[in-house]
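Structures for review follow.
After this come two complexes, each holding chain A, first together with chain B and then together with chain C.
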Partner chain A sequence: MFLLPSPLKSSGATLLALVLALCATPATARGVYQQPTEFINEVFGQQQNIAKLLWLSQELQTSIKQILGHAYPTLRLRYWHHDDSTAWVLEEIGKEKPITLGVVVKAGKIERLNVLVFRESRGSEIRYPFFSKQFYGRSLDRNLSLDGKIDGISGATLSVRAAKKLARLALYLHQQVTTKS
Partner chain B sequence: MSNPPNIKIKRNPVVCWHRRAGLTAALFVLILAITGLLLNHTSSLELDKHNVDSRLLQAWYGIEPPAPPRHFGANNHTISQLGEQLFINGKPLQKQQQQLLGVVANTMFIALAFEQQLLLVTPEGELVERITELPTRGNNISAIGQNSNNQLALQLGNKIFISDQQLLNWHELSDAQDIKWSQAIELDTDLKNEITASYQNQALNYERVLLDLHSGRLFGSWGIYLMDLAAVAMILLALSGLWRWCQGLKIFNTKIIEGRKK
Partner chain C sequence: MNKQKQTLIYAAVTALISTPALASNELDQLKQQVETLQSQFNQTSTTVEGLMQQGSSSATTIGGYGELHYNNIETETNGVVTGKKKEIDFHRFVLFINHEFSDRVRLFSELELEHSIAGEGQAGEIELEQAYVEFDVNENHTAKGGLFLVPVGIINETHEPTTFYGVERNPVEKNIIPATWWEAGAGMNGELAPGWNYDLAMHSGLNTTDGDIRGGRQKVGKAVANDWAVTGRIRFTGIAGTELALSAQNQADLAQGANADDNSATLIETHAIWNNGPFAAKALYASWDIDGAAPKAAGKDKQDGYYIEGSWKVRSDLGLFARFNSWDKSAGDASDSEEDQTNIGMNWWPHEDVVVKLDLESYEKGSTEKNGFNAGIGYQF
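Presenting the complex of A and B:
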């Protein structure tokens, strides 16, 4: 057996731990954190006939472009509406792949924001409550911006940006459907 | 008439090799510089968005259409899937990893069924909606069809569900006799060839070819070694050129000193 003197042993172990720590690749955080159906059931229980459709007209897409920087990629959006609450399952690309967020808006303010599906290789920290809770109680100002500051996460800039955009979009769409109804 | 004197110029071997290496590396320098310049501006030139339609290059890369392609027809529209690429009436639609299981159409949209989702598109190829919330969980879609009222039906496991016109609500059916299930169809050769050509064109873009030319990968593993050799030649050229320049400087300084002495 190969034996090392104890001081060398401890320094060797430290070195090995250091090398392993440096070589270790961060565990990928991609995945489905919550199925959209589960998210809706969690928010509204088993309420029937609350699913609605919103067709994204040219007028709506113009404002959406102001929020997202581009038009929403589908012609219609499915949402859930009960009393003064609406729930939205929205997607926006972080860096390369879409991030799916579930957002609940009640009386014009964000009540809940959950990351449902995260497909990027980095930036999944936005799924943690320390980040998502910053959105609770936020509403839209006249410029279609959030009425308060959301602190970013270093290394997750693009995911944070996507989450902020989707929060603004959910608030804007809530305004549209609740004003109409 | 006197003959020119037979003068033998004794060249420095480093200079000789410097010139030879320079001549040999010139072609590689040109390739690397031109491809490097183009790749530096890949976004503005949209090299990744322009496809290579050269059959020769496609054959060189071994791009063949995957077999077997699947085609479905609905209301005079043809939806095809080759590999991951979807086509509507022969035009590229979008990519989808899951296998296309069937297609039905109504007056509002064309519905494409995959194992775990439905894609709703317009005949022009615009995405209406992507539905991932299926009527029941735990089972994948195995078939899509339509009843005589143009209502969309899905088979998930042993259960059959029928939807309203907007696909918002589903209810389970006990009797599926009225439903006509979507079946794969055979296409005419012209449309098949058009789809195959479109698939092959999409598989290769200019950015890929330029990257492979830059690295030498376009010519296989030997191409990489060749580019390595060219890189080594350029390093040697830089060093020998520097050495030669230093030598020239030394001679120039010696001549100045000698001139001052005289």
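Presenting the complex of A and C:
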């Protein structure tokens, strides 16, 4: 019979018990928190004909590069527009994987920011209201930056950075579609 | 009106009358063509978008960081200059290669070249600092196995140069914790409740007969594994800009059986980070308590240290900081072995992933003083 050395045996048993206890706790940190369609329905109810398509022209992509540090990897963006509100489902890579955010902008200010899908191993704390509520009421200044401070989360620096960029992007795109319409 | 003219007028009228009918047919054809083109265009756009997004969704990703340091430090003992250090060093060149085997299983690795050149008699070395496979147990907890960074302190796990102030890493975490510190074994981490995270690991241990903590790192190279260690950490990040953490580690015998008695060792580390807009503060305390005759004889049965740091981001790309460090690697005896170091300086980020650093340094231990400055440039990607 294979025998473990005693320090390993006691530590291993404790570790195993802890692991089993931890695995039994509820699961919510990584994955799909809300489907984009659910998010839009929650925001606009059953409003009809509000889905629009925005072509990302070279001019738009130039400003997007200023915000994200790179062009948005698509030709068109679907968005939803009703009265003075727009809703956007946007993605940006945190460390390695895209984070999907739903952002609602009303009259040039962020009204809601939800993490819809989180695929990274770390940094999912950005989905909590203590973080996302900091964005509410924020608008863009002349430099395409947010007009107020957003405190980060230790250990989630890159996820926080991605969320800030997408908030700025949603505000900028809102400006573009509401100014033109 | 002659007959020829009458014929021409008749032909023109007929043509005018019949034109709308022809235009209507053409319009239908054109409409159909536009619809076909629209459909083909949408299909093309969708395909192009798919290709555009494919580039950012590879299963294998590469990252890294690096830092070049210049140190200009003068040493004085009892007021007499005893040494001058003017040194430039590409301290760290690091590559991360990560791979996602599936949605639930992934590899993290970190390979580092220290001091630019490695080999027999050279200044540097090549080190494997991380190589572990992580498994999602469920959405809230992950397990890992392999070679990983020990979950303790502020910079041990997050030490890209753009993330901390000062050219050199702080001496308290370097000498007391001792960062950068990696071991091999198995562990778990995850979230217990909103804002509450934990880490738990059983891993290879240090190997030192006299309690020399930093020198006791075996770096998982044919490491003696008679005695393993267990490390746990609880971390609270439930308030934006705030982190509170407590780590503890125990190893049954730091000497791995080489001493006559067991040198059981316990590390306790706690830290707090606070950010409010442009202002930030950090404080860390770490302490070792080691049993056994040999560490006691060397005064190393107690070792501890702390640092406090305040910083102010004057602009989004420019920050100023001041840090006071105090540590004692032989606090167990009556000798005056406490070391103090103060750094004051700035970080400038010309890009969010690039940093230029400059700081003044003042060090004191007994009658020895070191004063000078450090400059550096670092990046991450």
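Note that in this section the second predicted complex is superposed on the first by the 153 of 181 C-alpha atoms of A that agree within 3 Å, B and C clash if a C-alpha of one lies under 4 Å from a C-alpha of the other, contacts with A are read in each partner's own complex, and residues count from 1 in each chain.
In this text, contacts are C-beta pairs under 8 Å (C-beta built on N, C-alpha and C of every residue); 3 or more make two chains touch, one makes a residue touch a chain.
These numbers were taken from a predicted model, which means no experiment stands behind them.
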| item | value |
| --- | --- |
| Partner, of chain C and chain B, that touches more residues belonging to chain A | C |
| Which of chain B and chain C A:Leu75 touches, first, second, both or neither | both |
| First (chain B), second (chain C), both or neither touched by A:Pro36 | first |
| Chain B versus chain C as contact partner of A:Gly45, first or second or both or neither | neither |
| Where chain A meets both chain C and chain B, residue numbers | 73-76 |
| Chain C partner contacts - residues on chain A that touch it in the complex | 5, 7-8, 11-12, 14-15, 18-19, 22-23, 25-31, 69, 73-76, 93, 95-96, 98, 121, 124-125, 128, 130-131, 134, 145, 149-157, 161 |
| Chain A-touching residues of chain C, taken from the complex the two chains share | 45, 48-49, 52-53, 55-57, 61, 63, 98, 106, 134, 136-143, 158, 163, 186, 188, 190-192, 194-195, 197-198, 200, 202, 226-228, 230, 235, 237-243, 252, 273, 275-278, 316, 352 |
| Parts of chain A lying in touch with chain B, wherever the complex brings them together | 35-37, 40, 49, 51-53, 73-78 |
| Of chain B, residues touching chain A in the complex | 122, 126-133, 137, 166, 168-169 |
